[in-house]
Amino acid sequence: MSEKIMLSEDRYFDPDPKHKEIALGLYKQVAGKPLVCPHGHVDPRMFADPDYDFGSPADLLLIPDHYIFRMLYSQGIPLESLGVPRVDGGAVESDHRKIWQIFAENFFLFRGTPTGGWLAQELHDVFGVSEKLNGESAQAIYDQIADCLAKPEFRPRQMFERFNIEVLATTDAAHDPLVHHKAIRESGWKGRVVPTFRPDGVVNIDRPDWRENIEALGEVCGFEITSCKRLIEALENRRAFFKSMGATATDHAALTPLTCELSAEDAEAIFQRALKGETKGHDTEIFTGHMLMQMARMSVEDGLVMQFHPGSYRNHNPTVFERFGFDKGCDIPVPVDYTRSLKPLLDRFGNDARLTLILFTLDETTYSRELAPIAGHYPAVKLGPPWWFNDSLNGMRRFRDQAMETAGLYNTAGFNDDTRAFPSIPARHDLARRVDANWIAGLVVRGIVDMDDAEEMIHDVAYGLAKRAYKFD
Amino acid sequence: MSEKIMLSEDRYFDPDPKHKEIALGLYKQVAGKPLVCPHGHVDPRMFADPDYDFGSPADLLLIPDHYIFRMLYSQGIPLESLGVPRVDGGAVESDHRKIWQIFAENFFLFRGTPTGGWLAQELHDVFGVSEKLNGESAQAIYDQIADCLAKPEFRPRQMFERFNIEVLATTDAAHDPLVHHKAIRESGWKGRVVPTFRPDGVVNIDRPDWRENIEALGEVCGFEITSCKRLIEALENRRAFFKSMGATATDHAALTPLTCELSAEDAEAIFQRALKGETKGHDTEIFTGHMLMQMARMSVEDGLVMQFHPGSYRNHNPTVFERFGFDKGCDIPVPVDYTRSLKPLLDRFGNDARLTLILFTLDETTYSRELAPIAGHYPAVKLGPPWWFNDSLNGMRRFRDQAMETAGLYNTAGFNDDTRAFPSIPARHDLARRVDANWIAGLVVRGIVDMDDAEEMIHDVAYGLAKRAYKFD
Amino acid sequence: MSEKIMLSEDRYFDPDPKHKEIALGLYKQVAGKPLVCPHGHVDPRMFADPDYDFGSPADLLLIPDHYIFRMLYSQGIPLESLGVPRVDGGAVESDHRKIWQIFAENFFLFRGTPTGGWLAQELHDVFGVSEKLNGESAQAIYDQIADCLAKPEFRPRQMFERFNIEVLATTDAAHDPLVHHKAIRESGWKGRVVPTFRPDGVVNIDRPDWRENIEALGEVCGFEITSCKRLIEALENRRAFFKSMGATATDHAALTPLTCELSAEDAEAIFQRALKGETKGHDTEIFTGHMLMQMARMSVEDGLVMQFHPGSYRNHNPTVFERFGFDKGCDIPVPVDYTRSLKPLLDRFGNDARLTLILFTLDETTYSRELAPIAGHYPAVKLGPPWWFNDSLNGMRRFRDQAMETAGLYNTAGFNDDTRAFPSIPARHDLARRVDANWIAGLVVRGIVDMDDAEEMIHDVAYGLAKRAYKFD
């Protein structure tokens, strides 16, 4: 039973004919614009090695992508049977055709989900797959993708160019020596791939790998990190290095958005307790809060854009974490309170236009209640796109619906794709541009903005806002 | 002034002609399917007695239904004047025509509410009422309903069959001897009416009637419940009995979703304090949390589906509670945090596919933030329909909008009507099928799913998901 | 480049032709009804002085309106450059044409915001401006507004009459001698302008100006306020005075919705600590909570409608507060919990139909979770319109969508404009009437209410509900 994938030209738009016509018109104005990708998790190694090989279709599309395998897992399919590598190196399924077959037979689980949408588009647009993925079509589609991947035009650099990516930011640990970024620069290839400075591994002292990270940071800095003071020196040092390698931004996660200012003595005392593995009470939270203040201070000084996305309870499932490690679809959000938590940071730096603080949230209740009023008042603050909902039609709509009236469009930072799945980038930007064109068309058709404004807005949303907010010029 | 009730064929659908056409087509595919009713509060006595008499129209529709009389009360109409019985047996209005008149004169209060909607449909479809209910039409409509109720085809069993109910689950206390269920089975009548095991009365030690319930449970088990250990034995014992009587599920309420694992000693100590009426601090919350863990453990063992709906502050209004007792429209929701609260239970049982844990919420902020990510990851978890919003067009839409993209449709448990009002069951299922057909049509018309997928989805939503999740087969 | 403002007759309505037609029809039924303005911050001085002069266009539209200048500030434009007066009297821009030019050049920031919408309508409808405001049109539009303001028909009383305002309530401190209200009454002018009793300044003991306010209150009462008991006497005294001046309502803000009942001794002890500047712990919160109970008690006695809007963290930005004072766009909401917090007050007065308690929120998560169930049960409670979202199309829609099905329309208090910007009043009411007509049309077109009901609903929403809830008759 061969069913065709339907990717209609006017997909994702509201059905009202007038609304749809305007949306399609706005979309077409920006559909071909270069892609600005200021935040994501693509591996820079892909672009360092001109002959980089993606491996099998399962290697490319399934095994590294927790958005996909977590849905299968939720229905009782063991991760081992999907080839997800175990921490202990224990056996997992190695027949990639078998893995692909399971995936295809369960692809119906993604009906109505964003993952299902961009995956279908990626298969269609990038690999020319025109049949629906299911148990019957599985192996033929596997062959078709594998054939593509064997061709030179499916090397990452060639795809980067074909995708019309203007700039792609990766996310890199503070101690990362950025060897792949160096290799890219030295190779003479023109693609712009820049690092982003993400020091969570050394700033969040409850991380299981914190001590390793501290040691690795000391090594790359050339001095041992024996104190909080030295940690701060190391971070300043690394930020300068990242900046020299093209970075324009930093990135920070934390369980809560708490910020606070400790005395040097108190910060030092916590750091020493952490070194000894003897942290207590709120040590973790207030140390992170203190370091966020330091990071904001450094951003004021060096101009790196500061991104902050709190509120994800990491590795919520200990069984999966112990067997498979980080980033396996087990991060679950918690409620957050930005108004009180960010106050210390905003008190000190919120009025300083040298700082760009881009806030993200998983707690959508904060859109209208906290984030929009904060961004609509403080010169330093901009709102990032809706994080886990960056590929979600409803999630993007809710963000526009709840934040724009108060924050105003020009206090936002445009779109980012936040993906690990490199070949999905065009599909994600295309979806975002469609959803935004549809949103703006909704304003036009209700007489809220006129077409002149709408045209400027869609260009800003699809391209200009991200470029300016992240200082890519 | 006689006004006709308008029940248009395409009601509840979006107005866009294309959207509406698809919605109507999908709806028609499932409009006649049998009703699966896995969760509700219909009195089993109705089906035990073949000659059960509903009483007057006020007895049937108004006096027992707090969704209706609470709206009248909110406008200052005393519950006494509506015939709601007092705890102390004090006088209340006994002229049911007077009660009905008040109701009819105030029926405009329900404009735009779901209660107004399903009540109009129930009056129309079940009792043939074609006029709008108001002060002028009140007595004629009263007569018309009373005439119906006098006829044999308006006995509960006949309605059950006419409604095409495939299975109806009631909700029953742990100590309930299930005499009506026994009588139904022994009567030879073919209707499938099964109990659901709800042990809140003995598990939530802050209940005013806890000691009575413990005693009643001991009596029905044949041993005195003098310890937590005995309580657990009693519960295991009763679950086996309920299962033998056709139960496939349990049901649990609590103020918060907290789960935790106490030592046997600590649990015992709290139980003993409760027996003496000397509980303190967090005793209530952690004892309930501990018992929920026990319940999950038992569900893994006996296969009963576990339903959990925390977050309702019961009997919020002491004046009404003291005068009229439980379930008088005075339960008010509070915010809940599932991510942290359920972690102990999920740590232990969340990866166990033998457990089916169906979660409900009244705090809609948890849909996208917590429940969808949890259901979209943990094999044991499914999402129930939107509880108090089961008859709410907007509430059902919000649930679909906020939870489906992340959880996926196949991690949900279909629809349930959760009603005490037996004759409203067809109207409620019809409304849900319309709203879901409209939701799926919205996906089709936006190019998110194709018609083949849509047709499978509507069948699952209207019938298959509930049947499978609750193990009715 | 001259661009015309487009104010289409059918703006703000859904684009579906049938929906739009019904919405327009409903809107036209109420577009010309008198304006009931039960809650706002217009300065009564305007109406006391028959020759009151609004000053320059910047004085009228920009400098006093933090909804406008906060958006410019968020983009790094200093408040000094916009002529916002400094607390210390320091120099700020005094060339109002320069200020206006900055505003006009940045007016694109308001694209898609409610502020942008009502401002465009106000310029068009009140001042006849038919060009879009931008850098090029700035000075011509300035001239046009200035010309208008010089004419007698642009005096406040003339505008009040032209706007067809039936009643306008101002908001006034407890110690306010209401001299302007007196002057209005004595002038013989027929416009109905009434005060509202707002005692926050003497009830919230953490206010920086609390002691001054206490002294001022003592002065106006003729006795020194040396105790909590005296404070309560003073408040009763002032309420009677306000009532004699036409007041029908009181208004209360607090950080949290906590209510509680202290013993006379405890309340007195906190009051004495506050007098000495020695408050501690939760003194502030529980004293406010205690005074709210007193206020509810007085409302039961004197019949003044009690308005309560908790949840705004006032003066969040200390830099701006120190330089520019209160109400500068730096109030940021926090999450609130009404269910537990209001319980003490509702326990005591919630069933008393003599009390009308109108609740507002900035935390939209409480609409469906807490406020709608509370209003849909307690006789004393009604829901106010959506506060900061009173001019927001999406905010008003979310309120209707999330609160109406449970609360019912007749437990709401209609619309209020809550504005300081007097000439924007017609635009705000027009927008609300459009949004509500569109909401009700959505119910009609989905078969939820019929046209007869819809017509009664739009009249109630646009006029009757506010008039009845605030006891204007």
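Chains: A, B and C, in written order; residue numbering restarts at 1 for each.
Keep in mind that, in the parts below, a contact is a pair of C-beta atoms (placed from the backbone, for glycine too) under 8 Å apart; a residue touches a chain by one contact, two chains touch by 3 or more.
Please read all numbers here as calculations on a predicted model, not as lab measurements.
Judged by the touch criterion defined above, the protein chains are all mutually in contact, each touching every other. Taken over every residue number at the interface, the positions common to chain A and chain B amount to under half, indicating a different-residue contact. Centroids built from CA atoms put chain B at 40 Å from chain A. Looking at chain A, residues 14, 16, 335, 365 sit in touch with two or more other chains. For chain A in complex with chain B, the touching residues are 3, 6-8, 10-16, 70-71, 73-76, 108-114, 117, 313, 316-320, 329-335, 362-365, 388-389, 392-395, 398. By the touch rule above, chain A contacts chain C in their complex via residues 14, 16, 18-19, 335, 337, 339-340, 343, 346-347, 350-351, 353, 365, 368-370, 373-379, 381, 401-402, 404-406, 408-411, 440, 443, 445-450, 452-453, 456-457.
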